[in-house]
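Below, chain A partners chain B and then partners chain C, in two separate complexes.
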Partner chain A sequence: MTNILLITYTISLIYIAMANRMLTYIRIIAFQGLLLFGIAFVELIEINLLNLVFVLLETIIIKAVAIPYFLKYILDRNRITREAEPYVSNFVSVVVVTLIVLGSFFLANSVQDTSVRKIFFIVALSALFTGLYIIITRRKILTHVMGFMIIENGVFVLSLAVGSEMPMLVNTGILLDIFVSVILLGIFADKIGDVFEEQDVEQLKNLKD
Partner chain B sequence: MIGIYLSGSLIISLCFYFARNHLINVILAWAFIILQTALAVYEYNHPDITQLEYFTPDALAVIFLGVISIVCIPAFYHTFIYFTKHPYKPREQGLFYAAMVILTASISAAYLSNHLGITWVFVELTTLSASTLIYHRRNKLTLEGTWKYIFICSISITLVFIGILFVTVTVQQQGIDNLFYRNLSLHAPDLSPFWLKLAFLFIFTGFTAKAGLVPMYTAGIDAKDKAPYPAGALLASVLMNVGFIGIFRFYEITSHTVIYAWTNKIVLISAVLSVFVATVYMLRVKNIKRMMAYSGLEHMGIVMLGLASGGIGYYAAILHLILHSFAKPALFFQFGQIYRTYGSKSVYDVGQYFKYNITGAVVLMISYFIITAMPPSGMFVSEFLIFRSLFESGLLWVLILVMLLLTVIIWAFGKNVFKMLFIKPVNFDDSHVEPVPFSESLSQFILLALVIYVGLNPPAELVQLINSAISTLPR
Partner chain C sequence: MHVLSLILIIIASWFFTGIVIRTKSIFSGRKGPGIMQPMKDIIRSLRKGSVYSSTSSFIFQLAPTVYFSTVLMAILFIPFGNHAGVLSFNGDFVFFAYALALGKFFMIIAALDTGSSFEGMGASREALYSMLVEPAFFILMGSFSLLTGYTSFAGIFGSLHFGSYISYGIGALASFVFVTIALIENSRVPVDDPKTHLELTMIHEVMILDNSGFDLGLILYATNLKFAMYGAIIANFFLTPGYEWYYSIPIFVVVQMVFAMIVGIIESFSARFRMNHNPQFILMFTSISLLIFLGVLLMMGKII
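Right, the complex of A and B next:
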């Protein structure tokens, strides 16, 4: 079951590489939140109420509902054009993301260590690099926030793989911090939409020596 | 005490946010300064006693707590001056003060934390509060600076988190079930070198965003430039110590393992590159604040050189950090007066400073000598010790390269500073220049005097603290 979910997750990464509209990006991120909930739910060894509530909160409420809803709100409010406008063509993106997945596969296989399950490791690494790739190749500031979300999702998969040793208090702190930083990024993306004519990284080139 | 401190600063920052009155602001600022000092004194008197499970005042934390308690007093004082000269709305002022209190409190908590995860949480909190300070002026450039700062810091802190996960992998193999630094260094020799290497790479890269080192230094430079100068002073000194403490605590763990030589190489590469990048930018930078920020990059590079070369270098690195945290705020506070006189940040528009503000010009000149580590600057002592340790550890080529680069930096810095002091500015209308009272420069003189005093004649207690902070590192 976990494997199916993880593979679906990887497919969603490839799908995001060829997605054309901003709304599709948001939907994929929400879908990834649901997948993460599935994976976490299956992987939970001891289902006590506290863990369940925490995982539910982190994946469904925050990753699948709150953040996508918030991104959608910014998208509508700033009348951002619906195309994602990447620097490279979607075909190249698909090839690159496929290569990333393949590369992570070989990288994970070269690790001579049995303590981390390989499939988790592969998926996490792919998500990490895909997120970075999305940030580098997309022009809109809001897509940068989405790239950051993809990276965060990858880190979540990785944390499931290693079975976090963090106490509840630390976990909650981490969750809150990530949530606030995404909200802050969103707020500032919103402000950039207000101040500059376009939400475009080309506008952010004034600070230099 | 830490519990009282954290809740106290939360209440004070809330009060700041809602206060609309100058007198109340002054009272709140004093209340926070007293709270901060009380924390530093309390932790100094209760060393190594764990509070609230996650906070232990070890020697390094106590040193940096002392430094931040000293630096935050002039920072608040200059914020008051800043707001009398640049009247912002009371609401914006309140937000600024509140963010400053949260920033100071989260920095202090990050120093004291004894758990990898808790350090992470508070370091992330510093990003969030610092972004409010950077965005204070609410124009296009500050927006750009803030966006870059939050974005790069968020990515970096995620890298740190990945590093923590890798530590968890190897920690689980050894059957340890928590991430307290004490536990980690106790079991360090048993941890798997492969995962530790991976973890060190991620954690080191992540914390360089805060420490202001290559590769993640860029956002910090923009932040120090765009934040109002009292906040810039905090970002350029005590916040960089947070990055250092994050790196140092993990470095301490790896120092007990077989990968110690490898970590030193990584630290050394980052250090030399930092000094190199600082040199390149110092040669071409024309914005005074950015010039000061790049000087911070150079000094952090030197600190890391001390760490990488070992021996007396450990001691000198920490001493250098302390002195840098006193000297750099003095420069930033002085910049506030320069900006008020000339209304520009560019070296081209500033000149003949002696004519308009004698005390300020003297501060600028002295702080130039202090920050470039010329005697009698205390930083001369620490840099000298770092160079000696480089020599002793056989890194002669690195030493020669760094010394050459530093010479270029001193020249580039001096060229700009003396231009500002003596050469007539172009098209400057001096009919509206207000005289700056001496009292506004007093705090800078005190800070600079501290650099000289602590460097040349460090108090016995401080030496003891530094020695106990580095006692676990291999000699």
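Right, the complex of A and C next:
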């Protein structure tokens, strides 16, 4: 069951590479939150009840509902254009993400460590690199936040692999991390949206002292 | 029993396009033509003679027949559950893919033969999309032959059995990829719209603008046959070996009908992509079949 969810998660990474609109990105991030909820439910069922409820509520409320809703709020409020406007064409993005998945597969295969299960390691690595790639190739600040979200999801997948042994600490850290970063970047994006018309990273070059 | 799949596919091909059109008309609130109407149209064209342009050579007259016969030849390899197809040998899925590609090649050079600028454009697009969809098919069939240890359609589908969760996941993904391969190969909606009236946006239709009468009937019927053929491949994922014929034939019929309805629903609710979005869409299925391949490797324990 976990394997199916993880494969679906990897497909969502490929889909985000060819997605065209900002709304699609937000939907994919919400969907990834749901998938992480499923994975956490299957993987962490053995830990104590209170802890399990906390982790599950964290994934379903924060990752799948609150953050996508918040991103959509920013999107609506700042009248950002609906297209993602990447620097490279989507065709190249699909090829690169496929190469990332293949590369992390071979990388994970060459690591001789049996403490982490292979499929978690592969999916987490590809999510990490895909997030970095999204940050590099997309123009808007909002997409940078989304790329950061994908990286966080990848770290979360990796922590789920060892989740039965040390559950609480990792998840609290991730929760705090996401929450603070999204709020900070949201305020940041809000301010820029008030000063400039477009939320283009290129316009940061115009700043002078 | 070897001709069973051939007979079933031919019967399914009579109804397939009719079901697609009926689904579309129900979703748009109309009653729609009868289920047999596309078949009647094809029979009407088959009764007519053909008109050939004086600038085209014998290739143009040869191509529809070659196209039709390659599709028919490809159908001979499709098994039915644990019954092999009419022909079967090791590595026959490679032959299957390239038999279809031969037919497509003849359609492309026939389109170039007419000298029409539109047809050359359509031929170029058709060649590009077939090229992009080919790795998806081969990676998919390659991972299934790795999983089962056989290299023929009959061997693969005869010994494919699902046990664990991941195998069900892989089976579902493979059916999904095959549905989209069928849509792309038959030039249906997400890639191409068969109902379009503008030559600039056509892919398959623009290639057959100059064909008429008997040749056009052959090409249209070959499209129906191809749909039924891909439907039969998808049905084979659900015909786990050991089922008796009174189970497997209803399963086959239901899978074909559901496939036709899915095609109709997709065509009702989604628009054609912009032409420059098609390559990345098609390439995505190569990526998904690579994921299936990696999943099979994980299942086999080939990776340490």
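As a working rule, the second predicted complex is superposed on the first by the 192 of 209 C-alpha atoms of A that agree within 3 Å, B and C clash if a C-alpha of one lies under 4 Å from a C-alpha of the other, contacts with A are read in each partner's own complex, and residues count from 1 in each chain.
Keep in mind that, in the parts below, a residue touches a chain if its C-beta (ideal position, glycine included) is under 8 Å from a C-beta of that chain, and two chains touch if they have at least 3 such contacts.
Keep in mind that this is a model prediction, so the values were computed, not measured.
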>> Let me test your reading of the model: by the given contact rule, A:14 touches which partner, first (chain B), second (chain C), both or neither?
In response: second
> With the two structures laid over each other on chain A, which partner does A:53 touch: chain B (first), chain C (second), both, or neither?
Replying inline: neither
> Taking the superposition as given, does A:101 touch the first partner, chain B, the second, chain C, both, or neither?
Replying inline: second
> When the two structures are overlaid on chain A, which partner does A:91 contact: first (chain B), second (chain C), both, or neither?
Replying inline: second
>> For A:109, using the defined touch cut-off, is the partner it touches chain B, chain C, both, or neither? Pick first, second, both or neither.
In response: second
> Which holds for A:162: it touches chain B only (first), chain C only (second), both, or neither?
Replying inline: first
>> Looking only at chain A, is it chain B or chain C that touches more of its residues?
In response: B
> Is A:136 contacted by the first partner chain B, the second partner chain C, both or neither?
Replying inline: neither
>> Looking at A:206, would you say it contacts chain B, chain C, both, or neither? Reply first, second, both or neither.
In response: first
>> Show me the chain A residues, by the header's touch rule, that chain B contacts in one structure and chain C contacts in the other.
In response: 112
>> For the complex, give me every residue of chain A touching chain B.
In response: 111-113, 115-116, 128, 141, 144, 148, 151-152, 155, 158-159, 162-167, 169-171, 173-174, 177-178, 180-181, 184-185, 188-189, 191-192, 195-196, 203-204, 206-207, 209
> How about chain A: which of its residues touch chain C in the complex?
Replying inline: 1, 3-4, 7, 10-11, 14-15, 18, 20, 89-91, 93-95, 97-98, 101-102, 105, 109, 112, 118-119, 122
> Contact residues on chain C for chain A in the complex?
Replying inline: 165-166, 168-169, 173, 277, 279-281, 283-284, 286-288, 290-291, 294-295, 298, 303-304
>> Touching residues of chain B toward chain A in the complex: what are they?
In response: 54, 115, 117-118, 120-121, 124-125, 127-128, 131, 135, 139-141, 143-148, 150-151, 154-155, 157-158, 161-162, 165-166, 168-173, 177-179, 192, 194-195, 222, 225-226, 281, 284-287, 290
